[in-house]
């Protein structure tokens, strides 16, 4: 190191210069790529929702979405209505799928009646699907997903995703063997109250043949992520219960 | 190795065994433990580090004469972080699927002390070409250990390799499971990674007695 | 109550070294002697206790989506969260170097005993991990953020102190030559981590009803019985 680089003035100038250069570089990349990223995120949400209601290209064991290019078209074709439930109001909104669940959850904490709950009503082969988004926390970071139900709140399909769960353990919530376990599970208990689905350890039913036990088998070594899934299903899907009650009564 | 002089080649081969970043230099342990439950994740991480360390070492080496020593840590960290964030953003925009697989690793790469360690120990004092080789060599040495640990943890923990059920199906009781073999779920937990690395050190040092500590 | 719970949770259940495996490199490299381990541990406590609240402020008022609201309504839409990594790292590195300069100026004796460890801390991933966990776990107040940083630091301190003490004693044991030093340290740490997992049961008992959401979020690794068996092994080693 020469003496020149040790002086205070040089240090400060260098620091300022670096902040400016790195800052501009990052801001420039972020700003110029923003539209592309937003578009990717938008298409992914459509793919996720379609996946949950069974519109996908799954082969034997891997989860495959519909083609990105076709997603908007298929989304229009299969999703008949996009609803926003806010307190007692129900309105239609064509951009309901873009609602930020994390933000709404924060709003709901202060005033539950202000929280916007998106619900996507889809139709496939003459059957009606209700797809609801869920959001929660895993071991390291956020986890989220979409669950499609029929009018009795029986799960028809589920898609889970995560930001940074441990590969091989918690990250497996987005694998078929885990997501497919949810299909056919009942969200309501025997007496019609909301019970949710537990991701249970030491489950007596590892092949998941009993669909009314409100339990699916947990992933070994991923207890906290599994608990996160249980928690988000319970807290978020519960809010849709009144809607389904109404649906039945009318 | 016709392209490389003997000295340069040593920069690559040394970290593979006798100066391995994980087992000898004790760098980059955190990530070696966090992501090795699965072979695939180990491979992805190894490749990412190869890229970041190679490029990062060159950048730091080019800047080595103008970095003020008082704030060199900030400068180094900023360079890695900026590099990783830019790559992450570009991938998000143009290769979204790939970026989703890699997003988990972004944080782990930035906090990976192997990167800082090599900047500090090598790139600050050597030219770009040598630094590049040093980066590649160390990243390879790191990757080798990661892949070994990932291999054993996935094989013994879930009975699969890269997701393929090599030992048969534990629920249907086929293959090895038919004669009563059980997966050792314990291997999936992170503490077992420490023990596997410990055993690797044992094997390595019994083969090369010079490495034994007193 | 919230504070006490977070305090114990961060020290034992979410122990930086044994549960999340952060800060491993300096943990393994600087644990040969108890005295140096204490120095580094103290420095980590201090830096974590300072950087987590500072980064909490940064996160709340600059980085989060909508965090720039205080500048005026037109800034409410900005989302600078992609800058978190670099901002957190900059804070940490600045803090570490600031501390280094201050200590060097005002207490040369402390600097001599601590000085060499300070630069090491900036690369200690436990520090950045602390800030990132603070962000992803959505810690609510600055008080809790301080508590979180401080108690995570204590957890790290305990861990390095324990391993250093074991390593001082194990020098007199007849460990197979190739395992001596680093190898046995790895294995002991693994056993200690398995032992620490049994703390996971601590906060899972109690009332399930009522605060469902917070409760489940706090439920930590409940482990099978085999952990307890191995925990016993660890205690024997500790002795």
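Think of it as A, B and C in the order they're written, each chain with its own count starting at 1.
Everything below uses one rule, namely that a contact is a pair of C-beta atoms (placed from the backbone, for glycine too) under 8 Å apart; a residue touches a chain by one contact, two chains touch by 3 or more.
The structure presented is a predicted model; accordingly, all values stated were derived computationally and were not measured.
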What is the touch distance from chain A to chain C, in steps?
1
By number of C-beta pairs in contact, which two chains lead?
B-C
If you average the CA atoms of chain A and of chain C, how many Å lie between those two points?
29
Report the inter-centroid distance (CA atoms only) between chain A and chain B in whole Å.
31
Chain B and chain C, separation of their C-alpha mean positions in angstrom
22
Where chain B touches two or more other chains at once, by residue number
34, 70-71, 74, 78, 82, 85, 89, 107, 189
Touching at least 2 other chains, the residues of chain A are 22, 26, 30, 163-164
Touching two or more other chains in chain C are residues 82-83, 86
For the chain A and chain B complex, residues of the former touching the latter:
1-2, 5-6, 10-11, 14-15, 18, 22, 25-26, 29-30, 33, 36-37, 40, 44, 163-169, 171, 206-207, 220-221
Inside the complex, what are the residues of chain B that reach chain A?
34-38, 40-41, 65-71, 74-75, 78, 82, 85-86, 89-90, 92-94, 96, 103-104, 107, 153-154, 157-158, 171, 183, 185, 188-189
What residues on chain A touch chain C, complex-wise?
22, 26, 30, 103, 136-137, 140-142, 163-164, 201, 223-224, 227-228, 230-231, 234-235
Counting only contacts in the complex, chain B reaches chain C at residues 23-24, 26-30, 33-34, 70-71, 73-74, 77-78, 81-82, 84-85, 89, 106-107, 110-113, 116-117, 186, 189-195, 197-199, 201-206, 209, 211-214
Within the complex, which stretch of chain C touches chain B?
18, 21-26, 28-29, 82-83, 85-86, 89-90, 93-94, 96-97, 101, 119, 122-125, 128-129, 132, 176-187, 189-191, 193-194, 197, 226
